[in-house]
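Common to both upcoming complexes is chain A, partnered first by chain B, then by chain C.
Take a look at the complex of A and B:
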């Protein structure tokens, strides 16, 4: 009898496994690739160490005046000293808690709605949409319960950026849904009005819309009514954002198979019933990533309000460069502004991609 | 057969309801416009502003730092400022579109590279720049980079060339065409025509015989040789006017405003990060089976890209790309923030402040952008219809 004992597998060549194998596969797979890798490494070597030194090793962190910045590197003292102003603008220091409370509350409400499996979400959603805006406005503006009034021109910094983007979103979503339904309606008047509105606002830059709302709006209302600057900016942003939101929602409506509406009609549901119960829940579900993406765009675009003289995050940082005590620290300021914007936008876009994967269940072709 | 008897009252019938709703909607919109129109007329009267476009013929009386057409502070009209601004917008948009496309394609392809380091660097670039507000990027390039450059006296110079970089911008030599330069241009046009002809001939030849002809090499040779020969035959009819430092500033040459440079860099860098993502998704949208099939046919890597992948990827890329171009044109209006004299800055800014004709000026500005976007979407629909997959 012959017994075959298979020879044990030889280990793979050392050059194709482990770190060396990885390097060979991913960085030096061909002469051209090796050249690219070396060039990229050289550029990184030229750029990264000096930047790292400037931002961290040689940077100045402690102190409270310009004199503290003695090293060659970045002067983060500037950002630290100005930090509260960058966050709250000219909002009185003793009242910061109001803004913090309002945003924490919004954060926890949204968090509650996003975590799966919590009870009574309908009530919480209802409060977020109807109760919370009133409450937040009362908190920001004051004038009740002994809270001192803070006029809107004192609102600023990151707080204002967040207010502009959330309020813009808050109005844009329902109006956008209505416009999207209008654009897909069979009634010619409703359809053409929606198309004109959407294409008009989507065709012009946000700056002209802001100019319009700040210069033309006062002409359009009776002369005894005065609208303050913040409200004018909010109106402009909301009108602009509505058009974009309408297109996002419309893409969801279009993706929905026609059978759904036909089935709803066959069940004898009225138009609004079929929209509310059948069409919108499915359509909105598929466009949530798109809605988050428009929110990111809006968040970045709020920086434009600087042009009509509001002090949002970017604008207040920009204006702090003109302070004669702190001349010459614009790079630090821009990096700080960039970091704040980047953290918000990047985390939102990661969240939107996560949602896209999670919702990528039913209809879409893989 | 007898007509079935109507059971619902007339105001509950669907078409009557739709009609009533539309009439009400139309009335509400009309009422809204009547209301704001009446208010606007009243308010304008109160402020003593005359309506109409007569102001376009008045003398403007302010300077514009960059103008592609003759413009003078004393003699030119407000109508002229509109054209100057429009041309400046078009200039920065056209340059931005070209640069952003090149950079965006490069980075999009780099993102898909098999080289790990290159792919990672490309994705870091994309994630950084598309998540920062464009206005912040413009400010950064303008105030933190270009405004910190040295004064004209201590200009940075590019080698021994007459390229100077200082706080007033970039100064480059100005080409001066002399008599006979037309000959060079003609040679250039002829060589392009020859290239097209060659390509057509080579295609026909390949279809007939299967033989391939080295079109690219010969085209490049034509492009290099013919105009050069013409240039020397015409007696080198091109000279450069070199910029020279006189006193505190440079004389001669072409100077590119730092505002234009900052705006162009920011628009390019930002839009390229978005275009790179579009290019990547376009290339990924072509199914892998196409590459495998092309390989099975014996095509080489370069040809697979050029003949199989890119044409199909373009179908996904072009519509998104046009909307990015449109966004770039609209975003160029951020020029206002750093004072580059574009349409919004010159016309909806300075001219508006001087005349107070808010409604007319904003309407004209919006109409310009609207025309752009409607034209481009018209073109895009045409292209889409043409390039759509012919499904059977």
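Take a look at the complex of A and C:
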């Protein structure tokens, strides 16, 4: 009897596995691709080493005055000297702990809500939404419990950027959901009011809203009534963002098959029950990318408050360029601003992707 | 309808009542704080240092008023304003005083309902050129390329000047100070034009500041000064004489360092200046030592100038037009008697 044993498989040719194989498949698969690869490598070679040298090797890190910047590279001393101002604006130095405490508290509250399986989440969420803003405002503004008052015109830097964007988000999401429901409602008054609100606010640029709030509004109200400039900006941003959020949520409501509401009706659920239990959980899940997109946009749009003379992160960095002791370091400042914005936006985007994976129940088309 | 008109009358009465009680001076005294509008960052005029403290020749203008009225330069709330919102902030009463490198023009003085209390800096549009061009006067700039900043009156002044002198020119427009200076530095243009006070700041941005010179020609008048609301003469006087006190102090050689010594002087003009003789603060409704406080806490005009824009600052602007009248400039304050 002849036993047929197949010859054991030969290993793949060395040119198609490992690093060489990867290179061949991905970078040099055709003459045109090879050409592009080489061109790209050349461009990288021209750009990266000089930038790396400028930013790290030739850079100046220590010192506390312009004279310390003796090397050719970046002068990070400028950013270092002004760092606390970029973070807190003109907030008094002795009171920094208040801002840090408020943000740490927000961070831990949100962290608590994000970690799965912790008890009493409802209470924590309730406190975050209702109690925390009051507490944070009291901490920032002071005037109680022996804390000195810090008026809002002293708030600035990253702190102000975070305040503007978190307040905007806090308002935009719930109000946006209500407006979206209103726009799809069968009640004519609710529907037309929502449509008017959304189209009105979406039809004007944010910069106009801010400008109106700071330049026109004071002329209409009596002279002895003063509304804080920051408050005016906050209201403007929140109203504006609500309109955008409403449309994002509406897209989620529209994406939901009609059968879902019909099934809820058939089970005898009331309008609010069917919204709360059936429609919104599914709709909001579908539009997570859209919601996060709006938030990221808002975070960056807050830099527009520059035009009404509020010093957010970007405008406080820009105003520091005009210090005659430190003229000519705008590149370092802008790179720092870009880095901070990127860190926040990238973390938000990463979190949203994590959330999408966690809530993924097979509805998404990959 | 009747109700409607009643409400309108009530609103009107409320507004006129608040206008009648406008006395900014009393309001500032009651509040214990001066609210002063400044720029969001103009080198040498109003800027913040790394501690968040405001400096500059305009900031000194605010400080002088605070020293005169409240006797304390730290009792000021600085409101940073951009060029678009500055007038609204003043008209709406959000600020008491605007010292923000604002050019005194007829339109602003009349139509906008504001009063200019004086001139704390005589500026004008000038030129920064490469030394290697060998140009001595703006008249030799025919056919030159200019770097300018967008959205300023600079472009209009330039067009007027060249049309008047029948010369040709080209422009390269940039968005910010930094970019304008960088454009000039990299040779995109032969010449950079802007307000003279800005040119000195821009020059320090250059890789080799010594390679460029500011031409002596000035092609526009830009008198900058503190601004108050029209119709409040008491407050207008306070702001105006706070500036004059600084100028008079320089003229008489009274500085923040020697003002205490000068109090012993026999010169009646000096004795009036430091509030020992004459009307003192009476007709301004200010404390008797108002001008003493200005000199003690802020200094005279020369001190303020040199500290912020002059030889003791990185800008190193020469006094030029801003020298006193008896020194070849046009800064001239009426006598205090």
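We adopt the following convention: the second predicted complex is superposed on the first by the 324 of 366 C-alpha atoms of A that agree within 3 Å, B and C clash if a C-alpha of one lies under 4 Å from a C-alpha of the other, contacts with A are read in each partner's own complex, and residues count from 1 in each chain.
Just so it is clear, a residue touches a chain if its C-beta (ideal position, glycine included) is under 8 Å from a C-beta of that chain, and two chains touch if they have at least 3 such contacts.
This structure is a prediction, so every number in the text was calculated from the model and none was measured.
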| item | value |
| --- | --- |
| Partner chain(s) touched by A:54 [first = chain B, second = chain C, both, neither] | neither |
| Partner chain in contact with A:103 - chain B first, chain C second, else both or neither | neither |
| Chain B versus chain C as contact partner of A:351, first or second or both or neither | neither |
| Which of chain B and chain C A:112 touches, first, second, both or neither | neither |
| Partner chain in contact with A:89 - chain B first, chain C second, else both or neither | second |
| Contacts of A:219 with chain B and chain C, given as first, second, both or neither | both |
| Which of chain B and chain C A:141 touches, first, second, both or neither | neither |
| Touching partner for A:170 - first (chain B), second (chain C), both, neither | neither |
| Which superposed partner A:330 touches (first chain B, second chain C, both, neither) | both |
| Overlap of chain C and chain B interfaces on chain A (superposed complexes) | 211, 215-216, 218-219, 222-223, 306-307, 318, 321, 330 |
| Residues on chain C engaged by chain A in the complex (per definition of touch) | 11, 14-15, 18-19, 40-44, 47-52, 77-82, 84-85, 88-89, 91-94, 176-178, 181, 201, 204-205, 313-315 |
| Parts of chain A lying in touch with chain B, wherever the complex brings them together | 26-27, 29, 33, 36-37, 40-41, 44, 186-190, 193, 199-200, 202-208, 211-212, 215-216, 218-223, 296, 300-301, 303-304, 306-307, 314, 318, 321, 330-331, 334, 337-338, 341-342, 345-346, 349 |
| Residue ranges of chain A touching chain C (in the complex, touch as defined) | 81-82, 85, 89-90, 93, 151, 153, 211, 214-216, 218-219, 222-224, 226, 229, 306-309, 311, 315, 318-325, 327-328, 330 |
| For the chain B and chain A complex, residues of the former touching the latter | 18, 21-22, 25-26, 29, 36, 39-40, 42-44, 46, 113-118, 121, 127-128, 131-136, 139-140, 143-144, 330-331, 333-334, 336-337, 344, 348, 352, 358-359, 362, 365-366, 369-370, 372-374 |
